[in-house]
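We call the chains A, B, C and D, going by the order they appear; numbering starts again at 1 in every chain.
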Amino acid sequence: MQLGMIGLGRMGSNMVQRLLNNDIACVIYDAAPTKMTPLQDLGATATSTLDAFVAQLNTPRIIWLMVPAAVVDTVLAKLSPLLSAGDMVIDGGNSHYKDTIRRSATLRSAGIHYVDVGTSGGVFGLERGYCLMIGGEQDIATYLDPIFSALAPGESAVPKTSGRATQNSTSERGYLYCGPSGAGHFVKMVHNGIEYGMMAAYAEGMNLLKQAQSGGQSNTASTSAVNTEASNNSNTSNTVLTSPFPSENPPYAFDLPEIAEVWRRGSVISSWLLDLTAHALHEDPNLEQYSGHVSDSGEGRWMVMAALEEAVPVPVLSAALYARFSSRGQADFANKILSAMRHQFGGHLEPPSKN
Amino acid sequence: MQLGMIGLGRMGSNMVQRLLNNDIACVIYDAAPTKMTPLQDLGATATSTLDAFVAQLNTPRIIWLMVPAAVVDTVLAKLSPLLSAGDMVIDGGNSHYKDTIRRSATLRSAGIHYVDVGTSGGVFGLERGYCLMIGGEQDIATYLDPIFSALAPGESAVPKTSGRATQNSTSERGYLYCGPSGAGHFVKMVHNGIEYGMMAAYAEGMNLLKQAQSGGQSNTASTSAVNTEASNNSNTSNTVLTSPFPSENPPYAFDLPEIAEVWRRGSVISSWLLDLTAHALHEDPNLEQYSGHVSDSGEGRWMVMAALEEAVPVPVLSAALYARFSSRGQADFANKILSAMRHQFGGHLEPPSKN
Amino acid sequence: MQLGMIGLGRMGSNMVQRLLNNDIACVIYDAAPTKMTPLQDLGATATSTLDAFVAQLNTPRIIWLMVPAAVVDTVLAKLSPLLSAGDMVIDGGNSHYKDTIRRSATLRSAGIHYVDVGTSGGVFGLERGYCLMIGGEQDIATYLDPIFSALAPGESAVPKTSGRATQNSTSERGYLYCGPSGAGHFVKMVHNGIEYGMMAAYAEGMNLLKQAQSGGQSNTASTSAVNTEASNNSNTSNTVLTSPFPSENPPYAFDLPEIAEVWRRGSVISSWLLDLTAHALHEDPNLEQYSGHVSDSGEGRWMVMAALEEAVPVPVLSAALYARFSSRGQADFANKILSAMRHQFGGHLEPPSKN
Amino acid sequence: MQLGMIGLGRMGSNMVQRLLNNDIACVIYDAAPTKMTPLQDLGATATSTLDAFVAQLNTPRIIWLMVPAAVVDTVLAKLSPLLSAGDMVIDGGNSHYKDTIRRSATLRSAGIHYVDVGTSGGVFGLERGYCLMIGGEQDIATYLDPIFSALAPGESAVPKTSGRATQNSTSERGYLYCGPSGAGHFVKMVHNGIEYGMMAAYAEGMNLLKQAQSGGQSNTASTSAVNTEASNNSNTSNTVLTSPFPSENPPYAFDLPEIAEVWRRGSVISSWLLDLTAHALHEDPNLEQYSGHVSDSGEGRWMVMAALEEAVPVPVLSAALYARFSSRGQADFANKILSAMRHQFGGHLEPPSKN
């Protein structure tokens, strides 16, 4: 089987390698020619224009787009006039499922089959294989099975779920047809929303362990200069952050890298994300190289929006997402409003710098 | 009637003035003598030692403590040996109700009546009167009625609740006996927890209006340099914060001081906190004088703890409280954990400065 | 001045009365003729068809729609062909601001001016006046000033904000031009989002007071049949809900109607919503007539969506909204997932009925 | 080496088996004699009284308590008079770390060493091994190494974290000395808090997929009977739950068991909890056997309390915990307050039954 890959970023490039390793011939195209060279060395056929790319592909063509969600429409506008009825285009990126539905309808009128594949695995996918969540026409998904099978981790990746012995589902090999157009991207969106929540759960726990090391913020308030709203009776009270909150936590000095490591074995919270966390903490125990201004990829927001449409409560996902927004300074004006209210009713002036 | 006030901060000082205005004789004591002078001019009897303070009071003595919660035990240790059976001590500050229960039991063994009075009103209480939530022995609370009546706003402060015409409750004058020892501080704790939630509700709304002015953060991402987890195919993708999220919000230029003002009249969200917000925004539309590092007085934390003891969900209060913690940098390490995870699985490096 | 009102539900009907009281002539139309009769008695001109309605209005016509957001497009489809260039149509309901922008553009091509007016005040607006948040063309908003002035509460409704003495803003009379098309509905959306948060803040506080009355749920677990994940060593542990959590809360018997009442005077959390809560609790202290399956009007969801577009954290609003979803059973399957996980890793079976 | 085990519930019984399998001699005691029989058959020495239990143990004695947190004090009161200086008592259950610190100090005065071991692994621990988080005196923990090593999963349980090749830490075998008394239970408490967050993340995602199957709640509102707060103009509006919210989600029919299964391979969210979820959904795709009234073991509440003491924001953990509270009906009165407010300001009456 042969596949054409457009977009050779970290994901696309690794996927081509995995396909080549599994005897899928690959034609490749990227606007940045330097990205093609290493793959050429591995056997991929590089092309310098979209026309050349399309010309190199056997019909019906199988084309995989691995480009940013924001440029999918641009790429399709250039690509689709070059295609023929019966060709198949796969969007393996993180597009919104509603965009996918719209694009699928447009291409269908030209006889082109549009397949959406939510792709998880990150930079480790080359070695581990990719988890693939597939939407579109079921017979087309079946036709593409060798591609998916080559990219997916395979049955041996993890132990069989008890009681599934007699089944033969592709889910046990790491890919799944999820439903009509958009279903793959919908499931991937939910997948990423879950990921946000899991990441935030670990982050909160690690943060508490870290703060317990230092005795936390509340210990910085001495009893002679506390801040209570009803009873500010000293001139210094304005400069104190927190309440006379009794912190009786002993001054534990937790070794975070070791704690992350021990949780990897036997515990209920073991996971791949924990493996990564253990690695990151081992390399840099205080995480000094990281800014903590946390980006979001859009899929968390989309999942909240989908949940709102269905009236489904998603408090954990939302909390995780808002923590990312706040990490980027997006709550600053809200905080100023709170400072202003406190000043108005209680005469409190918050201190100018963080504590 | 005569009352002795210990603690002449903003709250205590104003309360003495309101008591004097309502013909309650006041004996006063504060460790800082300069705080007593202006009240002396208004007719209060200043004392320079606790002994002198106690000696000036008629028995049974009525003593009101308006000191920080963290020093109540210290003050009681010095004061209680000077008192006689039958004396009454009132804690008008924001003590934890469990501390109050403990102190009440200790003093009761010496025949001293301990009364807890949650006091709301802030710096406006002198003029508006104070809302008083009272706990302790009911007959003692009844005995102290003239004090509470003098401090409270009185019946005319707000229109009568429909259907209450035939009642004669002190609640309609702004003070209420809530139950045995600690009940007053418990109700005040809940009151302050509600306050946190309301403040945060306004802050979030104002923040959204403010961001809509500027087009929000998402508009800073150009479509040529988006950040999607699955498809980073450019060298610049690491340096971009947000997703290709479609922001179609028109560039409204909202006038926040005017919006706060209009909501004061006829709207469902009119409130005293909104009045204060309107005033703060009128004075300083961009709130430049405020740091946004928001203190918390401890009562919000106590309310969450009480809710946990009763298995009562308090998501709004918790969200409001955590926003304050985060405003003080207390989420920073959690955010670094998130950055580290993203770097591990996706090769993402967050940008070093806030955007 | 003359106004035509379409839609005579609670809001529309009351607004017509308030307009008539302020000498604005009203032509009225509703699909249900019986709704028109009482207003006719007060001087309104009833019409039985849209054609008759339009014919009764002087040009340029001023038409106010007070219909559900979901039928605005239907009404406009019937109404707009009957109108002339220069006519003004006001949408006073809770439409989404993006719908408003779209409708405005459509009508503008026919020379019709479209004005969006977020209207707050509920069933009390007839007496108190309505808070009006206005979007559209500024000169048209100015032309309609007598209408807005008649509906709004007026300057005397609340005390002036300190420091605003020399201004002469309509905000001080209870209405405000907020910006171009959609701005009024955007501000009303934010207003309603804040309302959700405030309501939830009160609800959480009242719930905690209520649970403290009963000693809370945690007290139902006896020490002989506790449920700890690590150490289930009795056959009965499966049937117990909660942990051996130490609840030391004294059995306060709080009088919720009285507490709501006392907070109305002098406290920081006094508000109109609190006034309503006090009234509801006075009428029905245990709120037995209410189902607690809380509807949402859509504006809270829209505000979260707008916040997501701008990357603005709104944790309080979201928590308030999700509590409503959950009150309607929308978390049930999520809870079953949790039960299933607990059964898998710990052998726990949750009890079949609520406790 | 020899160990005495008190408490033979699911956890204690499995741990004895694992110890016996690793050549640790076991003396056992449980108030229910029938629990001892199967372990006797495997080689454990059963005892019928605490005195006999203590007498069977070589000195210095090693005694492991695997009893509910709520009965630890009771067991210690009976056990400690029978012990000698130098004996070691291990609390392997989910005790609060502050209780552990208190108990440790009490026993230390009698020369008894008290060790806290947070134990994770659930019913699978017998086979997989247990993750052990250890607090107390470091030299005692070192002395007990053979016990911990027998219980823990061992180095081969998971692949080595990259870059740790030259280390020789017990964390890589699944147990870790975390610090002085209470440190083990503190880390276990944080572990369980993270677990709550992860579980809720999966539950929210699965719930959204489930609702998308049915089209969600919002689709039940017809456009002819919508509920908007500002514009109720029909008699039927009271009986409608939701807004005219546009749900454009296609009617996907997701296969939840298959989706959980596919996520197990290659995806970023693979974890042991996901493995369990996949198994539960495979057995019972609609989870009909589960009540969804989700218990909590207390450790989540304790973690929130510890976070409050340190001013650490834990929004995800809190949201997860509150969802459990609400699943047990603990938000019902809060919801009634919301219904009551809506009735007051808008005339809305919520429908009596869930939808």
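One rule holds in what follows: contacts are C-beta pairs under 8 Å (C-beta built on N, C-alpha and C of every residue); 3 or more make two chains touch, one makes a residue touch a chain.
All of these numbers come straight from a predicted model, not from anything done at the bench.
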{"item": "Contacts common to chain C and chain D (chain labels)", "value": "A, B"}
{"item": "Most distant chain from chain D, judged by the mean position of its C-alpha atoms", "value": "C"}
{"item": "Cα-centroid distance, chain A relative to chain B, in whole angstrom", "value": "39"}
{"item": "Centre-of-Cα separation between chain D and chain A, whole angstrom", "value": "26"}
{"item": "Gap in Å, rounded to a whole number, between the CA centres of chain D and chain B", "value": "35"}
{"item": "Multi-chain contact sites of chain B, meaning residues that touch two or more partners", "value": "120, 122, 200, 202, 204, 207, 211, 217, 242, 245, 268, 273, 279, 296, 301, 308, 311-315, 318-319, 322-323, 325-326, 328, 330-331, 334, 345"}
{"item": "Interface residues, chain A side, partner chain B - complex", "value": "7-12, 30, 32, 35, 66-71, 92-94, 118-120, 122-124, 192, 199-200, 202-204, 206-207, 210-211, 217, 223-224, 226-234, 237, 240-245, 273, 276-277, 279-281, 284, 287, 290-299, 301, 315, 319, 323-348, 350-355"}
{"item": "Complex interface listing, chain A residues touching chain C", "value": "268, 296, 301, 304-305, 308, 311-315, 318-319, 321-323, 325-326, 328, 330-331, 334, 345"}
{"item": "Residues of chain A defined as touching chain D within the complex", "value": "98, 101, 120-122, 125, 128-133, 152-154, 157-158, 161-164, 169-176, 178-183, 186-187, 190-191, 193-198, 200-202, 204-205, 207-209, 211-212, 215-218, 242, 245-250, 252-255, 258-259, 261-275, 278-279, 282-283, 303, 306-320, 322-323"}
